[in-house]
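Please find the structures below.
Next come two complexes, and both contain subunit A; in the first it sits with subunit B, in the second with subunit C.
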Partner chain A sequence: MDEPLLKVENVAISLRHDGRSMVAGVSFAVNEREVFGIVGESGSGKTLLTRTLFGLHDDAFLSRGSVTFAGETVPLSGYAAAMRKRLGHAIGFVLQDPFSSLNPTMRVGKQITEAIYLAKGWPMGAERTKEAAMALMSEVGIPEPKLAFDQFPDQFSGGMRQRIVFAIALSQEPKLLVADEPTTALDAITQRRVIDLILDRSRRHKLAVILISHNLELLRQSVDRIAVLYGGQLLNIVTAGEIGTRTIHPYAEALFACIPARDKRLADVRAIPGEPVAAGAARIGCAFASRCSFAEAVCREAPLPVNPGAAATFSACLLGRGVH
Partner chain B sequence: MASPEPLVDLAGISKSFARRFLVQNRTFRLRDIDISIGRGEVVGLLGESGSGKSTVANIITRLTGFDGGRYHYRGRDVSTLTRKESFAFKSDVQIVFQDPYGSLNPRATVRSSVMESLLLHKPGLSRRERITRANRLLEEVGLNPERGDHYPHEFSGGQRQRIAIARALAVEPELLVCDEPLSSLDVSIQAQILELFVRMIRERHLTIVFISHDVNVVRLICDRVYIMNDGRIVENGPAQDVLSNPQNEYTARLLEAVY
Partner chain C sequence: MLQAVLAVPRAALSFPRNGVEKAAIVIAILIVLLAVLGVWLAPFDPLKINFRGKLEPPSFTHLLGTDGSGRDVLSRLLYGAQLTLASTFLVLAVIVAVGCAIGIFSAFIGGVVDNLLMRLADIWLGFPPLILAFGFAAALGASLQAAIWALFFSWWPTYARLTRMVTVDILSQKFMASADALGVPVHRKILNYVIPNAFDVLIVQATLDVSAVMLAISGLSFIGVGAQIPTPEWGAMIADGRSYVANGWWIVLAPGLAIFLTALAFNVIGDMLRRELDPTSSRRQ
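On to the complex of A and B.
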């Protein structure tokens, strides 16, 4: 197997103002062309992890570990700045809220051409840049790009705005697209279209994608592998096909049992007792131990295993559940 | 299951109002809403945001009026209710909102929130009886009554939704209208509250209007479903039939998009 596009090894993330460790022991690798999912409930640390990994978090920093992107190891000192240089070039980032990621006072065409200028430089010329922008707009499924080019963001629906954000992210021809809950603000029908758009683009342009979501069922149907975060810990990395068919980490299993997926009966939907724990609480052992039906003394006492060498699949279960 | 006379009977309801859409106002029209709900039924109102389903909920609970059509509750035209009857209607019809934080008074302990609705609607009870009942209700929805002295902000979203449900149940309503009661909750908590609803339906024989954009939840708990799109009801029928074999083009599209 070739070197992965992104390799994250034993990474820990701490808050700047008090040094508190929020996320620890996270290792995973994303291969070229792969669609990789990260799932977690609110407070699991999924947004903190990805934002800090890609240099977008001002209040948190990488306190330990190593990150390699496209064969280059990004040094921990000056990490955020080094990562931000790759953002908008090799890495595209799409945020949850399409309302706040566009400039409301600038015509959308201008916002896309600006991104193209930044990626490819001025020598392209105004005409060709405009053509490239309109080609991108039709590629992401914006009807009548000629008309849309001169409109402002508020004249588009949420789904269309998210497509514009995609057009901007894709204008850089990134190797990796990171999408943090890109469809949470959207309706079901629009959500499906936007996800399909990402998957289609990934397939045709050999684009690797990290898709972050709270919806395990959406990820199961869309991505190749899924990393499961809980309380700031990486508990499981599974292939989508393993979910529901093989023994996986107890939390991942319980999370899947919660979802009223389309083919489930009421008796098959089982809640997890208790409340999710938030990242950042000082803890020894497994964050899920307090709600886990399998938990034993060791789960609260032993240090959690770290995914060695960022292996393709991994279970952090101290009882060995889901370890293959 | 449905008694011959429906509990809720909306016929040809229409309403138009200006809704702020980004920077400009647009007229939103609710048209030809016919909904009939029998006693003890669990009825889903399914649609995407902006389809008008919350407006229908507000009409059923009389939180808002309507322009045309008629609304009969227990066979009575609600526009002809006397003051006293209107008050009885309010304790008969309770609502649970999406955001449990917004629906609880932040300056009242959760027990006193539950007791307040008992005071209003069950004036015969002594203070001691109200405390006992409030504690029993908190327990019924899965909360430790000892935490009744705490304030809403000390509870998680799921717990707050339990409190809102306890408060609605306090007055022993006939009809419970739930407007997206799961949408602001985490996945694992959604399943907990869903279990609570299922238990409530079984034990209390409530009539429930369940408003949701989540096809799968509606499929699991509702007897019948109305599908709304752009201010109209596009399809209705038994939930199992409609959601497995949709006749309307919009319903089919919606179902196809569901994960």
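On to the complex of A and C.
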């Protein structure tokens, strides 16, 4: 098999101000063209993990592990700076909330041409760059790109702004696009459209995508594989097809059972009993042990297994559930 | 940046809510025009002494009369417009430029340097401009230059602190994180992100400060620390005409009214800009 585009092995993330470890033992790999989902409840550490992984978190750092991107291992010392050098051309990162991620004083067209300039300079001249930007705007579904080019962000709706955000990220032609909750602020139909846009682009341009979301259904329908985070631990990596068809990690199982569906009555949607634990509490054993219906003594005592060699699928269950 | 600058004349047409604001804009434009063209419009040499024609009341030859040494008040007023406004805008331009540079630098660098710079600004703010002006007058000799230096030294911290505050706020916005994700280098962040987003706040403060700086320059000249008699500076003209109030009221009235109108016009414009541009202003809508 080809080398994966991004390989994250046994990574731990600590807070800068007190050195507390928030996320530990995370291993996964993302292949070229693959759409990889990261799911987890609020506070599970998914945003912390991805932001730190791509050098965008000022208050946390990578304290352990190794990260390889496009065949190059990024050293742990000076990690954030080294990773930031890859942002803006090799890696695109789209943040939550389209309402505030655009510069309010710059015309949207200029924001796209500016992004192209930052990634590549002006190899095709300003005029051609402008045309490329407008072509991209129509590709992401902005009506009348000629008109939109000279407008300011506040003249667009949330969905349109998110499209512009993606147009900006895609204009730099990254190999990997990381989207942190790209659809949270949008209505259901717009969510679907924005996700389809990313998937379409991924298929046609060999783009690998990491999609972070807590929208389980959207993720299940869109991605190839899903990593499940809980309490700062990576509990499970499953292919989208495995969900609902075979045994997976008890937490992932419980999580996906929460998805409401047309043929389910509300009473059938089982909430997981208990409160979610926050990432970061120093713990031995499985973070989910306190809420798991299968939990045994070993779950609270044994160290959690780490995905060896960042394998394609993985279950951290100490009872072996979902391991295959 | 250019867009932000171009927005100003466009805004000037759409912002005024009432006659006072429209009048203020017209007066401000007129005063600036007179200051620029005054040298050519002035009918007489502003420094030419003519003792035989001193203290003449306004007439068709001398529209605003003559002063105690027979100099034409209108000519002095027009030359003074240039001198007063030029030094006002010079002071303002320099304090805005220096203050903004220090403020942006301070906000970007953060930490100890940020703290040191801001405490330094606090200390400078503690000096009353008047005392500083006396100090400069003592060191450089009382002159317009001394007044300008004094104002520069006592005024830059206001802009440094304001710009730093606004920049820190901008840096914490989501779109700055997005800029990081796009790989925007620091100089482009300052040019394309910080300055355009800080522009509103700064233009309001600068407009309000036009009158404040002008009053300070004229005030310092009036008490004799700034421009010296017979320099046709408005403050100095009032100082000069002071002793003739009883038999030559027009000598102080002309520059006094000029100062009053200019200060008022720029204050009204500043307040209008604040209402229109400052999102925290409660008078909006």
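Following the convention adopted for this analysis, the second predicted complex is superposed on the first by the 317 of 324 C-alpha atoms of A that agree within 3 Å, B and C clash if a C-alpha of one lies under 4 Å from a C-alpha of the other, contacts with A are read in each partner's own complex, and residues count from 1 in each chain.
Methods note: contacts are C-beta pairs under 8 Å (C-beta built on N, C-alpha and C of every residue); 3 or more make two chains touch, one makes a residue touch a chain.
Since the model is a prediction, treat every value here as computed from it, not as a measurement.
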item	value
Simultaneous placement of subunit C and subunit B on subunit A, clash or fit	fit
First (subunit B), second (subunit C), both or neither touched by A:197	neither
Subunit B versus subunit C as contact partner of A:134, first or second or both or neither	neither
Subunit B versus subunit C as contact partner of A:22, first or second or both or neither	neither
Arrangement angle, subunit B at one end, subunit C at the other, subunit A at the vertex (C-alpha, nearest 10°)	80
Which superposed partner A:216 touches (first subunit B, second subunit C, both, neither)	first
Subunit B versus subunit C as contact partner of A:306, first or second or both or neither	neither
Contacts of A:172 with subunit B and subunit C, given as first, second, both or neither	second
First (subunit B), second (subunit C), both or neither touched by A:270	first
Partner chain in contact with A:248 - subunit B first, subunit C second, else both or neither	neither
Per-pair minimum CA distance [subunit C against subunit B, superposed on A] in Å	10
Subunit B to subunit A touching residues, read off their complex	22-23, 48-49, 156, 158-159, 186-192, 194-195, 198, 213-217, 219-221, 253-254, 256-259
Residues of subunit A that touch subunit B when the two form their complex	41-42, 154, 187-189, 191-193, 214-218, 221, 254-255, 257-262, 264-266, 269-273, 275-276
Subunit A residues within the subunit C interface of the complex	54, 56, 84-85, 87-89, 92-95, 97, 100-107, 114-115, 118-119, 165, 168-169, 172
Touching residues (chain side subunit C, partner subunit A) in the complex	3-4, 173-175, 177-185, 188, 192-193, 196-197, 199
